[in-house]
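Here's the structure we're looking at; comments come further down.
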Amino acid sequence: MVRFNCDYSEGAHPSIMERLLQTNMLQTAGYGEDDYCEEARKLIRSKFGAEEADVHFLVGGTQANLTVIAAALRPHQGVMASSVAHIHVHETGSIEACGHKIIAFPSIDGKITAKQVFDCVQAHKIDESHEHMVQPKMVYISNPTELGAIYSKEELEKLSSVCRENHLYLYMDGARLGYGLAAEDNTLSMQDIARLCDVFYIGGTKVGTLFGEAVVITNPELKPDFRYLIKQKGGMLAKGRLLGIQFQVLFENDLYMEISSYAVSLADRLREAFEKAGYPFLVENKTNQIFPILPDIRLEELKKQYSFSYQQRIDKEHSAVRFCTSWATKEEDVDSLIKEIFKQY
Amino acid sequence: MVRFNCDYSEGAHPSIMERLLQTNMLQTAGYGEDDYCEEARKLIRSKFGAEEADVHFLVGGTQANLTVIAAALRPHQGVMASSVAHIHVHETGSIEACGHKIIAFPSIDGKITAKQVFDCVQAHKIDESHEHMVQPKMVYISNPTELGAIYSKEELEKLSSVCRENHLYLYMDGARLGYGLAAEDNTLSMQDIARLCDVFYIGGTKVGTLFGEAVVITNPELKPDFRYLIKQKGGMLAKGRLLGIQFQVLFENDLYMEISSYAVSLADRLREAFEKAGYPFLVENKTNQIFPILPDIRLEELKKQYSFSYQQRIDKEHSAVRFCTSWATKEEDVDSLIKEIFKQY
Amino acid sequence: MVRFNCDYSEGAHPSIMERLLQTNMLQTAGYGEDDYCEEARKLIRSKFGAEEADVHFLVGGTQANLTVIAAALRPHQGVMASSVAHIHVHETGSIEACGHKIIAFPSIDGKITAKQVFDCVQAHKIDESHEHMVQPKMVYISNPTELGAIYSKEELEKLSSVCRENHLYLYMDGARLGYGLAAEDNTLSMQDIARLCDVFYIGGTKVGTLFGEAVVITNPELKPDFRYLIKQKGGMLAKGRLLGIQFQVLFENDLYMEISSYAVSLADRLREAFEKAGYPFLVENKTNQIFPILPDIRLEELKKQYSFSYQQRIDKEHSAVRFCTSWATKEEDVDSLIKEIFKQY
Amino acid sequence: MVRFNCDYSEGAHPSIMERLLQTNMLQTAGYGEDDYCEEARKLIRSKFGAEEADVHFLVGGTQANLTVIAAALRPHQGVMASSVAHIHVHETGSIEACGHKIIAFPSIDGKITAKQVFDCVQAHKIDESHEHMVQPKMVYISNPTELGAIYSKEELEKLSSVCRENHLYLYMDGARLGYGLAAEDNTLSMQDIARLCDVFYIGGTKVGTLFGEAVVITNPELKPDFRYLIKQKGGMLAKGRLLGIQFQVLFENDLYMEISSYAVSLADRLREAFEKAGYPFLVENKTNQIFPILPDIRLEELKKQYSFSYQQRIDKEHSAVRFCTSWATKEEDVDSLIKEIFKQY
């Protein structure tokens, strides 16, 4: 059985494991106050052109999301997001458990628009009973989205403008950030992201590390006391250096983008194969997730050797599914899957 | 200026004021442990045929909703409701502030269906990653809804069945319950409501009292320690007898239904007038709220003498608005408004 | 049975009932946006010399406390209070339910000192692991305290100074404020309170109204969006004018202080009687609550005609109990209780 | 600089690192649903004689504590704990952030007694206004405590009895469980713990792993839907197998107890040295933490080569500090520290 169902089926990139092993018996301060974390912070600030940013390392994405949002909002404020946003659908109500409503905008590919944000804020402002409604204060986007779509530079510029004009915080969930930046049609740079968002996180779990996400806060309003929140929400790793070491390896050279590009190139090959074999897609994208629509009968066949994830029923005989590649995907597994795709039944 | 914008523009029904005055200097125990409250509980149990029910008096509707829902749900559980539900739209995220997600179903008139509930629960059960999603556990309905619609006996039977089969709690927000029961097309009895719901509240604020809602809990699972929750959420009135006295007056004779019928009959007259004058309605209903669609130019005219509430824009020249009647509406005000409706411009 | 167990056994002062009756059928806007509320706000601002203050009316004390605290604090911040503070002991964890820890200081009479506050804040600052601890950000005091003690002007000045020097909010719970201001040994003026606190509330429930507390916010940092919080926490009364009307009656003349003085003078007489009869007190104070220590055998006797509240066991044969007077206490009841106190057994 | 300040200064035990490396590129299911986790669960159930227990792996202790407590309590319920309990003092209010009050009992060494629990519950039951108070429902103990003390079998039997008689949940935080079980004066077996507690966690972070705590739930009431809570609170590790692998290594042979005994034997040597050198202790214990009281002048000297943690000031010239050993402490470092202790100044 070969797993294409997600991008976190293996451990960490070998260079990371090696570094963890090398440093294993060294003694450091705990809770992210060690030199490895400090070094990783510098590397990230430098790569993203955000010398003044605060950088914090957390273990996972749900944790990062809930900590960032809980730290930023007052009790009556909510976060705007797409109807398919991870925080809205797949984090067991973690944001609501911190007291905040998610104001969901309809979306097919997981992207939301500056217009949706503007309309929401405007409607709130002019409503006579706006004190009876949750105040929209933050915008959550994922890039790539849960469906693999990415924001263009122009789109992010517009979102950022509408946020700044309306005193909203723009937060980007970058669980798969590398795979977005490596996409053929990407127009965003790391610097753009740091410049246009108030806070974002760089995903490690799905891009080479054992675990870990780097939260980068560029807006000074969001910086004070963030570490208190990390601790309160259970996200302060005692051996914090494990996070620092891993991000240091990812960013001291270009490992992060290198492995992201590798994963995306394999996804491109798979995507092309599905296309040539005549299968349509639920949504189009150029990142490491592919959402082809196949006959259920073909899926039954594929399931015998490959694991993929079920997305949604299309009609009585077809379903959309998800195949992911990652830094760890083997070329030979892609080759054999491609053969399988083209096989006649 | 005559107010038709809502059903809580005046104080309380004169009989209630009289009783409050009569009892004003008597000494009683606090926090709802007085004889008036006890007497009112008995009356309600008897009227609703729910001898085993727990009855609690709270000051307002948002308070009742958040207390009931917080008492019933574990942290990972959510409440299903219509997309226009008061708890979803007009209570400033009070449910989320207690930690719970609202799972919203599309709805025009504020009603939801047994099928919507079933599909939601079924989808949750079969989803492989349901532990990553909020568990649907309660159904919130309002009767009448925020848009004046009511559930038929058959509809409520179906909702109740799907809830019991799936171990869901059915909760009815009866902020305007009297106006629903008094509607011409109503098929529900008080006993039906107590039999089919696990918990519901009988609205007083909009139906004759200064303030106050009576929460009735019929499902024994929801009874334990409810008073702790009332206190914690700030809803335990020190002079609780004020609530008991008011509900006693409403239910010792048929005052509750009498004043509700009065309000509905005035609404019927207004509704008929709008209809005859050729105005369509945003939604149809037979309760105390009317949602006609009028030319903006006519609304400007009406606004000079009457207050009503703005509902939504229909097109460039028309808007839907809301007119309410209540136990306190004066017949002569309805007469003159009707004249105004038929006036030629 | 005559009730001395608390100060909320009756309804409202007759002048309040009269005004509620007079205004009962008038139509007003809801949610505290009516003219009565506006007028009451002006009166309070003027009496307290706080022309810039925001004034909000809430139904009860627990509600006021939790709303003020939830509005003021970020998630990692806590509120300092005495170990016998109402929010710590008798509000069913309402503050924790909003996510905040209460940092309790030992206290016998319910007062805390500027030194306790300073030491707490200082200890937090110098602790290397302060990010692992709740950040002290607000000071909650009650005046009079739960045990009837009051702060002198000098004490409040000191508390206020330590708060301002350390960027802490000073919040006074004035559930029985009138009875404190009317005490023989009181040195605080209404203006002092407004000047020295960042936010406080003026109790109505225990001082003449049916219900209602007036939250006064003088610190501009605490003003934004407070009404959203009121709504979210279930404290926004639909017929808000009921609160405005009651506070208008209390403050348009000197009714608030007049009835407070009356209650305190009756308490003084009772206190003197207990003293002369040779009974010690759990704590000394000059407000409307008296905490004498009596033999259990005497308490059994008194219990037949008078209700009072049990405070704590002193030794095998003695207990401390509480007697309260209020604006509604009858002189003849005090007379007869005094006779009873002096009776030989 | 040699670190004795805590027991989490290094990475993981070499056998764990080796296994992580061996399994690194294997593909598994995520979120703890892999075979390694399943195997580790079996080992733990077997070692603790708890065949019916649910076992869940979480990343850290604060996360484990808040998830267990949030899963167990209704909103009005609180958790009893010592005044020095980690959840009360050093987790930034994480329990309150989940809505629950901690009811703190005075304690010097971190232990609480069955009598304290009984008295608290009894006082709550008989208090007439118990609905105004947080309902005690869970008992949190740490073993060893934050100050290194351990519960005897008899003490835990008594605590367990009082809990079962009063329908309270008994929860043991075993962040340093191995070091407690390895103590010379320990009388508790793993089976006793599983039998007497309703839920407990076996600490990995401080006892050999990179990170990770194994929550063991023996009381069936606490089992339902626990994984939803893990996800909601941000504790569901995507690559859950990392936790399973680590606990498998710890428990497939006796590694857990072996390394715990090693650490304790080094602590015993240090303890003896401090004693012989004439230094008293803040608290006595036989586990891996030592709390000697030293002259500040000596501490200044020691600080040049050794890191230890500051505990509290004793008088103007003396302070209590903490030295920890762990599985990773080197014998030669202990030798040289002992020499330093005996050095004349």
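For the reader, a short list of remarks on this structure follows.
A, B, C and D label the chains in the order they appear, each numbered from 1.
Convention: contacts are C-beta pairs under 8 Å (C-beta built on N, C-alpha and C of every residue); 3 or more make two chains touch, one makes a residue touch a chain.
Please read these numbers as outputs of a predicted model, since none were measured by experiment.
Counting only chains that touch, the fewest steps needed to get from chain B to chain D is 1.
Chain pair with the larger contact count among A-B and B-C is B-C, by C-beta pairs in contact.
Work out the mean CA point of chain A and of chain B, and you get 42 Å between them. Between chain A and chain C the centroid-to-centroid distance comes to 50 Å (mean Cα coordinates, whole Å). Inter-chain spacing, taken between the CA centroids of chain B and chain C, is 34 Å. Across the assembly, chain D contributes residues 75-76, 91-93, 97-99, 131-132, 228-229, 231-232, 236 that each touch 2 or more other chains. Per the touch definition, chain A reaches chain B in the complex via residues 75-76, 78, 89-93, 96-102, 128-129, 131-134, 310.
On the side of chain B, the complex with chain C involves touching residues 1-3, 6, 8-12, 14, 17, 20-21, 23-30, 59-63, 66-67, 91-94, 97, 205-206, 210-211, 228-229, 231-239, 242, 328. The touching residues of chain C, when paired with chain A in their complex, are 31, 70-71, 74-76, 98-99, 131-132, 135, 225, 227-229, 231-232, 236.
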